[in-house]
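Encoded as structure tokens, here's the structure I'll be asking about.
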């Protein structure tokens, strides 16, 4: 079972990793974008921490909604609405009042989150976006694999973005010149699953 | 990275405070959420114009807030689009009952955030239209990409739509004019130096003493190709050639020629490029009836130039000439 | 050295051609000898204002030619004062019978060339007065040196004297006002980067990543000292301290605060400096009643900032607010 | 005797040397000024060459006047009026109609030229200006020494500017920081006497 406490640990981990890896994400975004992806996400998840300091959402859907709304209203850029929508949709897929969910339900909820991202951003697998890391990781969870395995799948997805030509987002302006660089959004998505593995009980 | 800043994370907040102090009669700066608005907004019965985008492009957009142009501007962090709640709050604050036109540059971040804001505005029963600006011929337009970037045409659309709104045009009309201007405008830019986002602290790319980035955007992203430095006349021609090829500019067309500095370009150089551009335009039989030369849509400390050519329509001349009073563009009956 | 130029020796000529093409309604460019003049000059009965200096400081001076400001400007080569025959021809072309005011920045080259021109004007029976601008507190003033440089006050004098002339003041009065404004203005600047005179092809000095030149002029000459880079607030205070110490600014004084970019400074940074400057000025009890923020007197591609503080007199407010229509400054009844 | 032909050879030499040493003079002016002294003088003496191509001044005073007027109207900067005045005053000191002058009269004329420079620019010896090279060179000629010796004196005067703090012209803004650099105007003055030595018959 995944509890509200696990999810808060997930968010704590993510915040910590973003503090550490902000510059690295910015550097990835410098190569094929505008050098702000790390700063954007840190600003958002920092605000999430502040909100959670003052608020104690009663259940998982409320927690996810708080995260989603906070990201949308503080991140900006492409990643703000995308990750924000992700958390909003995850929250909507979990029954109101739940303070714990089974891993399978959580995997289903994450899949709904990914659909939200794709509805909004119209990216397909292989377009060199966060979708390329999120999608294989969520597939792993849907196939009942462990969060650690999902995290590995996300890393593999991230690595697979390197040879691709970007077709969505700012990197797409570079055309062929976007080849040879990892996608920053895929890198932050990999962090998301690293932290999910850290924060959830190894079943 | 050398810049006149205090803490990188406070750059936008402090610059906005500075703007509020510098233009007390013209505009107000709201902080929670962050936007600038005309001091006399909302204007009853006038379509309200709201734009916005990442900071670092000054004077765009905040410098175009004022009578005859924008009612509000929403600045995001440096090179980061604003958030929906900023856009919603700005639109609500300046809506004068005739609806709100959102002027959005075609970048995924801007598009998504303005789209979410538009949904919130619809939920709040505020009539809203969006003009998407995508005039940059450096980028291949395709169904399978993010499409062309919005660059120099933004300034022209904000001026022309601003005047149309001031003249009492309806929301549908102002939006239509904005889309027509966008469709008639093409742009292309190049950089002599990278820029440095103060939050990243590193130049956006490295360029040799004899290299330039060609087909550059306005966020420090590398351009389409790296080419050797050449004479101003040659580079101007290289910028204008794809522009002229992309739209059926015809001999006899009346155009507005906009030569834009990217932030660190001496005015002296802009005039040299302007001279070269007029010659090329005239060789193509174009009649330059209006012009704008200066640094209006910048990329922080980037040296370089972008050219926008707008095929003018008769009624746009009047909108262009109409009075405007903003920090960055200001004239009475005719521009100077 | 990377710049948008063709041949270094043609920079000034081509930029002037560009200006003529960009502002056909406002000004004319004469080439033999070289000067810019208001398209409606000479104005009968109005004192004519003529200024000039080396090129590379754009928009100064050519960008201030137009109604409400200069009648003519004489651009020299880059960083080289114009020659007497340029000044003579310009003054003769715009003299409307009420005499000519020469506004001269205090550099040996400018002083000598304008002095020779003034002698020629006297020989031609054209009543002439000269206002010498020397507001730069970075330079030690002494009988045994060339004295203080003329910097930011030049722009303010050209605007205020321009309005006084437009209001029909006599040559003696306009000259007196110019001298009073100069006496009430103090300036100081710093550079984050050198500039490159296209004819020299090399940066004017070398600066490390954490160094700045303090007490800089506008010709790429090194400043008074080299100091470590610091926060914008600290640097602003370092600029304002000698300014405030030099003139008996008193609590309750009404001032005009001018924050000037040196050519490659992003507007975002100028607003941050403006914010810091207002705080310091207010701590000293000064009331900022007028302001100017932008790149108006530049040094080619130099990054940096200069601050000018002018202790305002009651009647100068009206002259400052009076309509002006030039390429670089343009407003109707009140500035924006 | 110094003839019109000698003086034209002097100007030819000066033009040639300025073509060669423009960048060097600009470099000296970069250190303590605005990097234009070489370009300024070359522009002026280039124009002098063009004028002399189209005009043939009948005598030495007319030649000097043409040079002075041309420098004043094409050089700009501090050096234009100063060198221009120099040549105007030299011309005024030589009797109209002269097509040759005795070395002593020419020395006296050069001294009048220097007085013109000092009247206009108010520089004294030791202020770190062109005066510091002109003055000892002209003194040598007044003392009946050869142009070659005068050129050496000019070079010595130039060298002597290095340790000085500038008190006139643009370099004076640097205060103490002007020490350790040769004055560009003194360097061009040294060229002037190098060429005088080249162009005049060794008596």
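In order of appearance the chains are A, B, C and D, and numbering begins at 1 in each one.
Just so we're on the same page, a contact is a pair of C-beta atoms (placed from the backbone, for glycine too) under 8 Å apart; a residue touches a chain by one contact, two chains touch by 3 or more.
Worth saying up front: this structure is predicted, and the values here are computed from it rather than measured.
Listed by label, the chains touching chain A and chain B alike form an empty list.
Our note on geometry: chain A versus chain D, Cα centroid distance of 74 Å, whole angstroms.
Centroids built from CA atoms put chain D at 54 Å from chain B.
In terms of their C-alpha centroids, the spacing between chain C and chain D amounts to 32 Å.
Of all residues in chain D, none touches two or more other chains.
Within chain B, contacts with two or more other chains are made by residues 78.
Chain pairs that touch one another are A-B, B-C, C-D.
Every residue of chain A that touches chain B in the complex is listed here, in rising order: 23, 26-27, 30, 32-36, 39-40, 43, 72-82, 120-121, 167-175, 177.
Against chain B, the residues of chain C that register as touching in their complex are 1-7, 11-12, 14-19, 21-23, 25-26, 55-56, 58-59, 63, 66, 78, 192-193, 209-210, 212, 229, 231-233, 235, 263-275, 278, 288, 291, 293, 295, 298, 300-301, 303, 305, 323, 325-327, 330-332, 334, 336. Against chain D, the residues of chain C that register as touching in their complex are 33, 54, 76-85, 107-109, 112-113, 115-116, 138-140, 144-146, 149, 197, 199-200, 202, 204-205, 217, 219-222, 224-225.
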